[in-house]
Structure formats: C-alpha cells, structure tokens
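Okay, here's the structure, questions in a sec.
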Amino acid sequence: MSESSKPVAGILMGSDSDWPTMKAAAEALKEFGIASEARVISAHRDPRGLEEYVGSAARRGLRCIIAGAGGAAHLPGVAAALTWLPVIGVPIESKSLKGLDSLLSIVQMPPGVPVATVGIGAARNAGILAAQILSAGEPRLEKALKEFKERLAMESRAKNKNLK
Amino acid sequence: MSESSKPVAGILMGSDSDWPTMKAAAEALKEFGIASEARVISAHRDPRGLEEYVGSAARRGLRCIIAGAGGAAHLPGVAAALTWLPVIGVPIESKSLKGLDSLLSIVQMPPGVPVATVGIGAARNAGILAAQILSAGEPRLEKALKEFKERLAMESRAKNKNLK
Amino acid sequence: MSESSKPVAGILMGSDSDWPTMKAAAEALKEFGIASEARVISAHRDPRGLEEYVGSAARRGLRCIIAGAGGAAHLPGVAAALTWLPVIGVPIESKSLKGLDSLLSIVQMPPGVPVATVGIGAARNAGILAAQILSAGEPRLEKALKEFKERLAMESRAKNKNLK
Amino acid sequence: MSESSKPVAGILMGSDSDWPTMKAAAEALKEFGIASEARVISAHRDPRGLEEYVGSAARRGLRCIIAGAGGAAHLPGVAAALTWLPVIGVPIESKSLKGLDSLLSIVQMPPGVPVATVGIGAARNAGILAAQILSAGEPRLEKALKEFKERLAMESRAKNKNLK
Amino acid sequence: MSESSKPVAGILMGSDSDWPTMKAAAEALKEFGIASEARVISAHRDPRGLEEYVGSAARRGLRCIIAGAGGAAHLPGVAAALTWLPVIGVPIESKSLKGLDSLLSIVQMPPGVPVATVGIGAARNAGILAAQILSAGEPRLEKALKEFKERLAMESRAKNKNLK
Amino acid sequence: MSESSKPVAGILMGSDSDWPTMKAAAEALKEFGIASEARVISAHRDPRGLEEYVGSAARRGLRCIIAGAGGAAHLPGVAAALTWLPVIGVPIESKSLKGLDSLLSIVQMPPGVPVATVGIGAARNAGILAAQILSAGEPRLEKALKEFKERLAMESRAKNKNLK
Amino acid sequence: MSESSKPVAGILMGSDSDWPTMKAAAEALKEFGIASEARVISAHRDPRGLEEYVGSAARRGLRCIIAGAGGAAHLPGVAAALTWLPVIGVPIESKSLKGLDSLLSIVQMPPGVPVATVGIGAARNAGILAAQILSAGEPRLEKALKEFKERLAMESRAKNKNLK
Amino acid sequence: MSESSKPVAGILMGSDSDWPTMKAAAEALKEFGIASEARVISAHRDPRGLEEYVGSAARRGLRCIIAGAGGAAHLPGVAAALTWLPVIGVPIESKSLKGLDSLLSIVQMPPGVPVATVGIGAARNAGILAAQILSAGEPRLEKALKEFKERLAMESRAKNKNLK
C-alpha cells in the first residue's frame, strides 16, 4: 500500500468525548503512512447512521474499522455485525467501573462475529494492530513494522539511563 | 387492557438456546392475561432483521419489548436504540463469566437510551415488570397485580411449614 | 397525559447527598412535561416512612417510582415490595466499590418483585425510561419521545465537527 | 442465661430453599443450649409480615436476629432497620454470582444501621457469633465458649493423623 | 451498664494510619456512654503483642473487640482466634483494590471463628453494633438505642428541605 | 489467496489440553479454505522454541498467528513481541477464575505490542477474524465472508421454529 | 544440600481437607530430593499451636515454610509474622469465590511481612519455588533445577503429537 | 554473604515509569547490605534483551530476580521461564484496573514455572523477601532479619502514642 490521502481505516466513536482517547489510533496510523477518517456515530443514538457508514465501508475502500466505546459498549460489535471487514474494538475507560464494563461488552462476542479487542484505552495499539493487518502484501508497511519493533527495543534500552 | 390474542409484548432473544430461560417471561405475561410473541433475532447475526422487527413494533401494536442476551449482550441496547417503546433487558447467564458480562453489557447504557434491566436469568421478573408497565389505566391488570402481590405474601408465609 | 403540575412520578433517595445525582431524573421528566415529586426517605433509617409513602403512592396518583441508592442499596427493592407500580432503580456510585455493590443490590431481585434497573449513576436515563413507561396511550408523550430520539441522532452527528 | 425452650434468637430467611443452609445456625445455637425459632419471611414478598415479626421481636424476648438472604439480599438490612437488636447477616450463595451479590448487599450498610455480616453460606458461624453476643454476663455460656475454642484446637491437631 | 471510664470495648488497628477511620468507632461508643480503649497492634508486625492484648481482654473486663485492617486484613480474624469475646471487623479501604481485599480477608472466616463484619470503612457502624451487642440486659443502653433509631428517622425526614 | 495446503496461519497453544478448545480455530479457517498449522509451544516451558517458531513465522510464509492460553496467559503477548505479524489471542477458560485471569493477561498489552483478543474460549471467532484479516485483496475470501454473514442471518432466522 | 530425611521445608495447612491440594508440594520437593514435613495447624482454631511450630521452625532446621489456606486465608501471613524464614503461600480454591478471596487474603500483605504467593491451588509450584530458594550454594539442586527446566521444554514439545 | 558491591539480586522493570515503585526493592535490599542492579528490560518491546540478561544471570553471580510489571504483566513470568533462579514478581498498579490485571497476570503461572508474587505495588516487600531467600547459610543476614522483625514490633507499638 503506497502512502495516499484516501482513507483505508475508519475510526468510529460513540461521542466526541472519546476523541482524546481515540485520536491516538489516528496518530499511530499516520506514523505508518496510513490514511484514516474519524467519525462520531453512536450505535445507540444513531443506529441508522451507523448502518449506513459501516454497510458501505468496504465499497468506499475502507479495509478495516477501529471502534471505541465505553460502558455498555456496543459500537464495535454492532459495526462487526454490519461488515465483513475486520473490526478492532477499543474499550474506553468508563467513569464508575473503569472500563471493565466496556471491555466485557466488546470482547465477549458470540460465535460468528468477532471483534479484535485491545486493552482499555489502548487506541494507539488499535492503530498499530490495523497497520499489522493492512501490511499483508505491502512490503513498505512490512518494513516499517520491522523498524518499528526495532525502535521499541532501542527505546526500551535507552530508558535505563533514567534509573539513576 | 382486555385479554386478547393480539400480542402487546415482544420477547426477543439472540439464539434459541436462550428460550429455556426466556419462556418464563412469556409464561408470566400469560398469567396476567397479556399476549406476547417470541422471536429469535440476533443483533449480531441478523442486524437488519432486528431493525425491521423493532422499527415496526409500535406500529404493529406492541407496547413493550423484552430482550434477553448473554456475553457481549447487545440485543436489548440495540433494540432500545431503534424504538421509543420501553425495552426490558434480561442478562442471560454466560458460560465463563456467569452473566456478569451480560449484566454490564445491558445495564450500563449511555445517556438517552435506557434499558430496564432485571437480574441475571430473571426472565420471569421481566414478564412481571412488563405487566406493571402495561397496567397504566388498565383496572383489570391493576387488580391482578395487587392480587399477585398478596399471593406472594401468602405463599411466603406458607413456606414456614417446610422448616421442620 | 396532558402536562400538569400533579406529580405522576415519585423520585426517592436515601439521603440528600444523592440529590445531585438524582435531580437529573426530575429534569428529564420535566423535559417531557411530566410532573414529579422528590423525597428523601431512607429504607434503613425511616422504614415506616417509606412504607407510608410507597404504600399510598398509587392512591395518590403516582404511576411510577424512581429510587436511587448506594452501597447495600435496598431502597428500590423495598419500594418494589410495597407497591405494584413499576419501580425504576438507580445505583448510586459508592465510595469504595464505585457502585458495583449498589448495582448488584438493586438488580438481583428475587422472583416476583422486579426492579427496572438503569446504569450506575444514570438518573437521567431513569427519567427517560419513566417517560417511555408513561407514554402508553399518550399521543403527546409518544410524539415527544420520537422527536427526542431524532434529536439524539442529530446531536450525535453534529459532534463530528469537534473531531478536528 | 439458663437453658430454656423460650427462643432468644430469631432465624429468618427469605425462602424455605435457604433452610438447608440456615439450619446450621439453629444447630450451633442448640449446641450452646440456646433456644431459637426459625421463620420464612421474605423482605420482598411479605414486607408487612417482616415488620410485624421484627418490630415485636425485642418485646417477645428475642435478643438477636440472624437473617440469611441471597442475590439482592435485603432481609438482614431491612430487619436491622426495624429493631435495635443486633442483626447477624448470612449471605446465601446465589446461582450466578455465587454470593458476591449477596455479600455486598448485606455488608455495605449505610451509617447508623449495621449488620454483623459473616461469610458466604456461613450460617454455622452466625450461630456461634450469636452465642458470643448472648454470653455477656452469662457464666454458663462463657464457659461453654471457652471449652468450644479449646475443642477447636484439639480437633485441628487431631486432623494431622489424616495426612499420611 | 452504667456509664463509666473503665473500657468495655477494645478498638484495635494495624497502624496509626487507620486511626482517622477507626476513631469513628470510639466516637459512636462515646455517644452511647460506653468507654473504650484504642490500640495499634499489628497482627503481622507484633503477633505476640496481639496475643497478649486479646488473650487477656476478657479478664481485664473488655466485652467486645473492634478491629480494623486493610489489604490482607488478618487482625480481626487473628483476634477472633484468641478470644471468645465477639469481634467486630472493619475492612479499611486499601489503596489499589479499594477495600475489596480487606473485606474478603475479614468476612470469609472458617467455621468456628466468626468475625462480625461491617462495611468498608464503616467504623461508625462498628461502634453502633458494639452498643447493640452490649445492650443486653442494660435498660439504659436499650433506651438510648431506641432513641437513636428514632433520631435517624427524624434526621432522614429533615433532609427533605435540602432537595429544593 | 487461492486455497492451498501451505499454512498461512499458525495456531499456538501452551498445552495439548488446550487443543479441544483451539481446534475450533483450525476448523473455521478450513471452512474458508485457509490452511493452518497447529503447535504446542509453551511460553513458559519452552521460551526458546517459541522464539524460534515465531521469529521465523513470516519468513516461512505465515501471515498471522492465533495463540490460546489460560491463567497467567503470556503466549499471545510473547508471540506478539517476537513478530510484526498480527497476533490473535484466545483466553482459555481457567479452572478457578474461569478465564478472567486469561483475558486480562492477554488483552491488557502495553503500548506498541497489541494482541487482537477475542472472547474467553472463542477460538472459532479467532479463526473467523483471521479469515477477515487475510481477505485483504483476496476476492475469493471476501466473497466467502459475505456469504458467511448472510448464512449467519438465515440460520438465526431459522431458529425461530424451535421456540414452540 | 545433600539428600537426607531431615525435613528442611514445613508444609502447613488449616485443615486436612487441604491435603489433596497441598500434597503436590511435598511431591515436588521429593522429586528434588528435599525432605519435608506436613502439619495441619489452623491459624484460627489453634493459634498457639501455630506460634509454637513456626516460632521454633528455624531452630529445628527448617529453611522455608509452605502454607496453604482458603477463604479468609490467614495461615501464610500469620506464619510469616512469626519467623524470618521465607514463607510461600498457596491460595486454596474456596467454595463460593473460587479462591479469589484466598488469593487476596494471602498476597496483599503489609510492608515488612511478605508472603511469596503462588497461583490458586498451585501447590506443586510452591514446592518447585521452595527448591529454587533452597538451591543457593547447592550444586546438586542447581543441577537438578536446570535439568528440570530442560525436561519441561522437551515435554512441552512432545505434546505436539497429541494435536492430530 | 558478606556485604559487597557485586550485585546478587537483579531488579527488572518494563519501563522507567515503574522505577518510582521498584526502587523500594533496591532500598530494602540495601538496608540488609545486599547489592543489587536495576534494569529496564521490557518483555514485550525487547524480548531478546530479556533473554540475554536473564539467561546469563546465574553465571554472572545473581541469586534472585525481582521483576515488576503492570497490565498484561509478562515480565516476571517470562523471566521465570528463562532461569532456574527464584523470581519475585511485583504487580504494578495499572491505570484502569488498579493492578488486578497485573496481579493475575503474574501470580497465575502454570505448573513448573512459579513466580513468588507479592502484593500490588509491594516492591519493598519484594526486597525483604529476597533478603529472606538469600539468608540461607548467611548468619549475618539471619541476624539482620531477626533484628528487623523485632524493630517492626517496636515500631508498631510506638505508634500508639499517635492515637491521642
């Protein structure tokens, strides 16, 4: 996949209050030269808008969906119900139960409709996972991911100087 | 509301394996002379079928929806998103987490889209709650509910003879 | 139901410290033109006052009860024991266990005595659920609920402009 | 307190299905020569029967109440609201959540109305705790409790022979 | 029991950092005219000091023990192992798990050695429970407890003025 | 991707006791005509074998890894540390904590190293997710996934006949 | 440390019903040629017996203690309070809460008194950990542990033949 | 073991952000005159660095490893997989789940590969446990540990003066 401005990943969230968390997914994708688009579409407040967006996602050229939601977090699962594209779910930390509700609402999907769930609040990891998924047959991305992992190791080692 | 065969409550479940639990809702409604209809409509496997059923529920004369689901239990919440009728959610006991996931996935709904949640596996209570909701301006139902509560007290007292 | 000043919903709480949470229920009801009354009646500190209030609620014209409580949250369940009106329970976030105790104390009711439970701290949703319950045979309320749901969708879409 | 047939402890439970658990409390009391009476009185199905029983308990000579309940377990807390006698709560193991709901519903009481909570299903310990409470100024009971503790130690030591 | 300065209740805690929580027990006892003494005795750091204190408690005139502890909270259980006096356990809110660890460590005692557990951080309730326990055969205390309960109801009702 | 016998997905598990769960992943892949290989490689008992297998996975033509583990479930995370291929984690139900430990050990990965986590025991969903990931630029798979989703809806509807 | 019949590890449990779990610790020690002794000593029922045993453990030649307990599991922590020897704690699976209570009661020890906690029911691992601790300056044990780890890897690999 | 500057304990952590917690382990070791070395080595970002460090630890003279990690906390378990030295695991408090995830990821290890787990955030206890482990056959350390325990008791008693 060459770098381009045409989005191949859709980033969904139920409210703009999730954006401070979810933008880390957009940023991670950008680091890998992957264009994305972000949308507020609540599964509960705008179910028809969600069906419209996700139902046409593959036709419009999207190749994966990242969806973040908190509490009774239905957005990723409902998106997964509406498309055969892989859907990555990000449990948003909720006020009282700290995201345990969000996590269970996203990960415990029934047979036939998986959601690729990452950790609570882990939108950056959702972006990296999307890059891994999109790297198939993409030598440029494959190379970028290898370098990324090497950089992780180097950065980890460099932190030793902060222990003094 | 006079007794009739025209359903006023819809009972939804994601799979026929939930029926042994959910039929207690139908039975409770029947005890109060309330006709209901039961449907398997998975929010995840048949999202468009769900929209069709729930979106037309009020027009077809339904006055409340009872929905049971387990795990990442989205059915009650997605139904609530599609209608202004009251939706009662029944968390079905799940295999590993015993319904804690089902409960949190159903009860922790975002502002604007409530689900009236009952206990884990408590389909009978969902039916009784529906009867309470439907009793407004229905002297027959009101009377039946009062008698029902008196019967509960009498039955509770009668159990004392089993303590010997 | 025409708009009037005669309360049709009673809002109960165990302590005035729950009022900052619970007033969202009163406000939601007011948005739908439904009059309500609020009372502090502790199930534990004033059990006889609770019996008096709830036992006479239907006679006085109330058609549903909203009850909020935290910790070993008995208020909604005890209210449900004392009336055949539908009771909506609001688990108040507790200090140490963040409302998980409140939620389980309210939702896990025994057969025969349901409480329509909403999410932790979700008093606004309790008010909306009450409006849904009270809308039966009330064209004005039905219309207001339909418009409310359309407004939710529009507001959700409007939030997209905040993603930049 | 001399041994007598006049009950000084009341053992309450919400259903006769709790009796196989709760009778261990009666047996423990009997080992200490303390007469008790057992009653099925559901806080949810027979709230007025509960008020009548507990409200007159002290007058009738009871000196403590043991109450067992499961799920949204309100019986011990509601009993504690209705009397100044000490109330011992026994969380009964529930079907789905295994008594975690029962425990939290009983122990997390608000200021002013304590329940002396024992472990999940620990009705025998409730009986022993009642004996400890009733032993004040009762040399016979005091002596019995001392001997009981010595017997516990001896029995514990005797179990070593089973390790081979 | 007449009011006196000779302590009849011992209040134990594992660290002086628990005192801000535990002093509410001493204050509640004082409201009922019951003298108490407070001690820091860690079950883990000073096991022999604990044995000495609790082992001689009954001889020195104490009639119940209140013990607060957090985390792997062993103090109440170990105290209960060392005396036949009733032991009231107060789970102190812990830093990470917010007292769920403290609660389970205190309440889930094995057969033979009960601890009368109150809610997380509920030291005031521990004091009130101690007063209830000590009231047996004490008309003065009995009367004070009855008045206390009436005061609770009145205070609860008075809070209604704060809802405006 | 044409159907072939050369594995493109590796299925890892820590013990052969996980195979009854994990073979559902192999079966799902086979339904989509995707060849896979299964290996027992414990992250804890054979860390060097794991490094060897995963470190060479991409070179050997694998395009994704499915890893199942229970308890302190490190296999998926350690595999993800060793390759830039997408890794799908399956939390295996554990004996005491029923897979809650497995789930948290797999999903809560640190920034930089995501694991695409599915539900507890949901190996079939892991296989389907792998098919979705591998479908990029593969018209045959894309078509198969669309048909699969239509089949899910039809099967869901067909279950209605079992409600009688 | 040469093989001998003089015990260097003490295995404690609160009841003989824990022995089917705990004997795996004795067996693991025996595999490494380490003699151990097993005792039933309840922290709650025989506190003075525990003090006697643990207080003299080092003098009698023991070099570490393994203690298993369930529920409000105080045995490992109380043992750790009574000796400067390393104490390994084994949370025994409990009836209702499945060992979550046991785990938290053992692992969450206060500063100054650590317990080396292993997994729920993991008595075999407790024995292996004891062997690792005792191996310091013991070339025979060091060698045995190295061989043990190699055997683990080989056994793990051999399980692949069971995947067909 | 005489005091020396050659490290005998290695303190590992996944990130320098864990150092404020983990340095308490180094400080505790220093109090006992035990030299340690601290390293940032992420199991997930630098798996080969970890293998190198732990695989050579025994040869370089280390006699135990202390490893702290949070969330899907694999560092202690992976270290334990790579050496026969005893590994002490410190669950670091995580942002959303407060260390419950860290604890379960560390303690629930499979048979054959134990991690000696201490409480959430309890790095000081990890250092003390290491001292207990290293004290075998070291009269100086044994004496220091005995004095340390006596000091704990004295300090505990001294805190009584703060209760006034």
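Which chain is which? They are A, B, C, D, E, F, G and H, in the order written, and residues in each are numbered from 1.
Keep this in mind: contacts are C-beta pairs under 8 Å (C-beta built on N, C-alpha and C of every residue); 3 or more make two chains touch, one makes a residue touch a chain.
The shown structure was predicted, so the numbers you read here are calculated from the model rather than taken from an experiment.
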Note: chains that touch subunit C and subunit D both are B, E
Under the touch definition above, the chains in contact with both subunit C and subunit H are A, E
To bring the C-alpha trace of subunit B onto its twin subunit G, one rotates it, in degrees rounded to the nearest 5, by 180
When centres are defined as mean Cα positions, the distance from subunit E to subunit H in whole Å is 36
Dist(centroid_CA(subunit D), centroid_CA(subunit E)) in Å evaluates to 18
Averaging C-alpha coordinates per chain, one finds the centres of subunit B and subunit E separated by a number of Å equal to 44
Multi-chain touching residues of subunit A, meaning two or more other chains, are 14-15, 42, 45, 48, 71-72, 97-98, 100, 107-109, 112-113, 115, 119-120, 149, 152
Every chain pair meeting the touch definition is listed as A-B, A-C, A-F, A-H, B-C, B-D, B-F, C-D, C-E, D-E, D-G, E-G, E-H, F-G, F-H, G-H
The subunit B residues in contact with subunit A across the complex are 14-15, 42-45, 47-48, 51, 70-74, 77-78, 80-82, 94, 97, 100-101, 104-110, 112-113, 115
Seen from subunit D, its contact residues with subunit G in the complex are 93, 98-100, 119-121, 149, 152-153, 155-157, 159-160, 162-163
Per the touch rule, the subunit F residues reaching subunit A in their complex are 58, 63, 84-86, 88, 103, 107-109, 111-120, 122, 124-126, 128-129, 132-137, 142, 145-146, 148-149, 152
Residue positions on subunit G within touch of subunit D in the complex are 14-16, 19, 38-42, 45-46, 48-49, 71-72, 95-98
